[in-house]
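Chain lettering (A, B, C and D) follows the sequence in which the chains are written, and residue indices restart at 1 in each chain.
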């Protein structure tokens, strides 16, 4: 937990779809809306490009939170990508929860290209949640690392 | 090992203000693979681009990372720079250290640290980049226009004018659409037929335009530039090449029970008919539901009188396959049925009519030959009530109608009121309205004329009940301005019913994989910047199919869609996005999961001899058509075997980014 | 069961004799009393060793992948639950129907040395999803194993997150990465497994990365989500007795609850819950909300 | 009992479940109302006055007892605003303030049989307990 390490800064990966959420993140920037530097964005064409593997990989490599942002349901640039993403991520989150990984470390938010403020607000909330959860060790240690 | 160059942009103080660009450039020098790293005030400037080009030459770079503004801003700029310097344009990655770093963080130390991570992630990704080449696909230089109303006709004329072939597919026996049913048009009051029919004739005579009437599009395959459509031309039982449109049969036909669709079913027509005098094609059609010959085998009177020998009762539906480069959706609209809104009594009272029915009642070719007579007793109405917003602007939870404003009703109601007051000055005309919406050139002036010059009584309020009392219709409504409830004994009530997309729109949208909104209007690619294109490449939108609009707006959009079509057809080849999915056939299981999630039908399966290390066998494998694939990546995640990957966003590239950010 | 076996044997020999099939995929006795193994028989003589009965628990569907590539038809014996796996493989175009002659085998619940098999305690069905003929008995049509299939999952769901974590850490830490679960799984039919494919980003066997080590079972469970018929073979073969079926069943339970009842391999729809959607689907936040409720 | 505009408005909105901001001021409710002329404030005015917080004016008007409870305005409102529910809510607030609300839902059941419509019962109770 963060108590052990006062200098701990969370690592947060945000997957953003190119058409809505990445543009929304850009808009948050143009509007100079602050959110913590702990969030690093990875651009993907669509939320449906986010392979659950990427999320597992991030956690395993030490991410403390992973958030996926896409176009609002019904507004997908590719018409149906976010609908598939919605099911896939629901199932993944549920599985992680079942394994005892704090469910609040994962989140999906639909952010349109016009919702810069929502993007910033979401990131602020999410970072706050991760701070309250502290360091994530669980997934990388689910098989008892010897180290 | 690849040789990568990193270029950190100051963007003046936009980046340099919160990010220590020098420190970033310095830090990047120690990253494996990076052989050159520098910073400059404005990388996107000519000098900045030259700096990049020089470095590519001097250090023999294989790829570059530009740490600058959003890739949505200058990715293309830097790709061109790289290409000009002899690098593959897809060996460029952008680290977004402005919108997603310097602009959102205030602390310089924090901003610098984050910028370094973002640049490292870009390098990590770039190390897995492969040069990509955009493919090309040929363009079939023919356009399909679905719908032959004013929108479809205008688009077809403009496209044909540029020298391209156009097929108009119209579901009814004639083109002309809704506009042909109108009497006069606002705000100029020209006769609708007088301005429309010349265009119909022009379309018919244009040798580049092929009108396929009484037909529907059944199936569309393919992709932008290369569509293949199956069109069903319904049997009209009349040979189009022989019929002269003489109408001699009209009085012979014993069946008189067909409803005249053109006159809003207010009168009957024979089983063999031409919808209206100026129909194009001016060819009769036999209604199979009404024709005695087709139903019982006995009759054949029309065949006997037809001197041209055009009648052919044995005619069958004809299926034709045509190829197109572009498709325009111009499916138009229909008024809603106001019967469920029972307070207006539309279903019970013949003298409660819709505005489109009034158009026909006022038209010289209509059921009353242009004399305004009310349907119940064919008497002249002396007091008329118009009710606006019938079924428009409703909360969706009420199930009382459409949530949108139908846009044209305010203006045509003013037109009707004005025309009636002009022609029959003894008639009192009241209009119940919620708002009068007149945003158009000369529109408000037009509405004011109705009030000031013609004395139309506009009542701010809505009608609560219409009830018959003797031969009068008692209309009770509120007058919000004088704060009283009013009751008017009217002879005729006209409902400005909402308009909705033609019922054929939904299936056409599905067929074209063109997205639609919840009201079945086609969605545009961008509400402001791409208003006449569907998000599906090669599909264009014309007229009310996209949303309610009046004639001038429809014509403007129709010409705009035509311009987009011409721009597409003018190309011999289309450059395709190289960032598409591709299947590694050595890994592919042929399990068909990917096909299920592809929104474009870009994936097919073939039995193919697969050769690899120690492998030589015939397998069922997935193939992606790169011209159809739009690069969403849905298939890559569905693929169980990891055979499917997305160029430009490969599993390895994204994993490398994840690692770089998390380490 | 003895009677079913005798009929089955006679029928198989007849089908071999008249050339309908070229081989028979069934079971033979191994060294121990309970140790029955899948076996291939090519003539009447070999068929002497054929057995069917309480210890024929193994699901033969996966063996069909290779058999389907051979000349001629293969006779394969499938218990009701096995037919689901077989049908699912047809849905995925991994098997060709015409390469097989399927005898649906009546089943009264399978056992091993410890008693009834896990999958048989909560028997999914006595219906055959696919077959050419059925050889069963009055007895075998009666329901067996009526325990609640999702009871184990529900128990875990009731625990706190930390308890669940401790449970899984305890279980998964025992894994020796022998790959038996993967190799037996009828849904694991990739020509090249992602765990053996460096380009998948999951890395190769050597050097074994911590990512692969840690994530193996999670990735595998997700990998077969929507395609897993819950045949239970993974847990049956695990030498470390890790209850791997609890991962698969969790996903099945969630999909049933959120997207409607679905049984992989049943019916003719090739789409799985993860390759379909409705506009009204629950948002991923439901996982969070459910936990808080 | 509290009498601030905020309290009164919030109470009326809570009792009625109505969102007056959905109103597009078309006047359909008042065009529909069968007892319009008897009422000092008409259905559409209830909507706009509640939105403006003028609850006390409404409470002190006889209009709240003159609503027949026919719910035609609720049925026909194109925006799902339900003015009739607002009238009912203001009337109920008035009753509460007069401490006249002691008859609870259980007492109403005694009046109800299969023939008497519930709306009539409610409207009658409002009127005769004035």
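Quick note on the criterion: a contact is a pair of C-beta atoms (placed from the backbone, for glycine too) under 8 Å apart; a residue touches a chain by one contact, two chains touch by 3 or more.
No experiment lies behind these values; they were computed from the predicted model shown.
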{"item": "B-D or B-C, whichever has more C-beta pairs in contact", "value": "B-D"}
{"item": "Rounded Å distance, chain B centre to chain D centre (Cα mean)", "value": "45"}
{"item": "CA centroid of chain A to CA centroid of chain D, Å", "value": "48"}
{"item": "Where chain A and chain B are represented by their mean Cα positions, the distance between them in whole Å", "value": "34"}
{"item": "Contacts with 2+ other chains: residues of chain A", "value": "52-53, 57, 61, 80, 84, 88"}
{"item": "Shared interface positions of chain B, touching two or more other chains", "value": "597, 638, 651, 654-655"}
{"item": "Pairs of chains found to touch, sorted by chain label", "value": "A-B, A-C, B-C, B-D"}
{"item": "Chain C partner contacts - residues on chain B that touch it in the complex", "value": "584, 586-593, 596-597, 605, 617, 619-620, 638, 640-642, 645, 651-652, 654-655"}
{"item": "Interface residues, chain C side, partner chain A - complex", "value": "153, 156-157, 161-169, 172-173, 175, 200-202, 210-211, 213-215, 218-219, 221-222, 225, 247, 250-251, 254-255, 258-259, 273-275, 277-279, 281-288, 291"}
{"item": "Residue ranges of chain A in contact with chain C within the complex", "value": "52-53, 56-57, 60-61, 73-74, 80, 83-84, 86-104, 106-108, 138-145"}
{"item": "Chain B-touching residues of chain C, taken from the complex the two chains share", "value": "69, 92-94, 189-194, 197, 199-202, 223-224, 227, 270-272, 274-276"}
{"item": "Chain B to chain A touching residues, read off their complex", "value": "70-72, 96, 98-101, 103-107, 110-111, 113-114, 117-118, 121, 513, 515, 535, 579, 597, 599, 630-634, 636-638, 646, 649, 651, 654-655, 657-659, 661-663"}
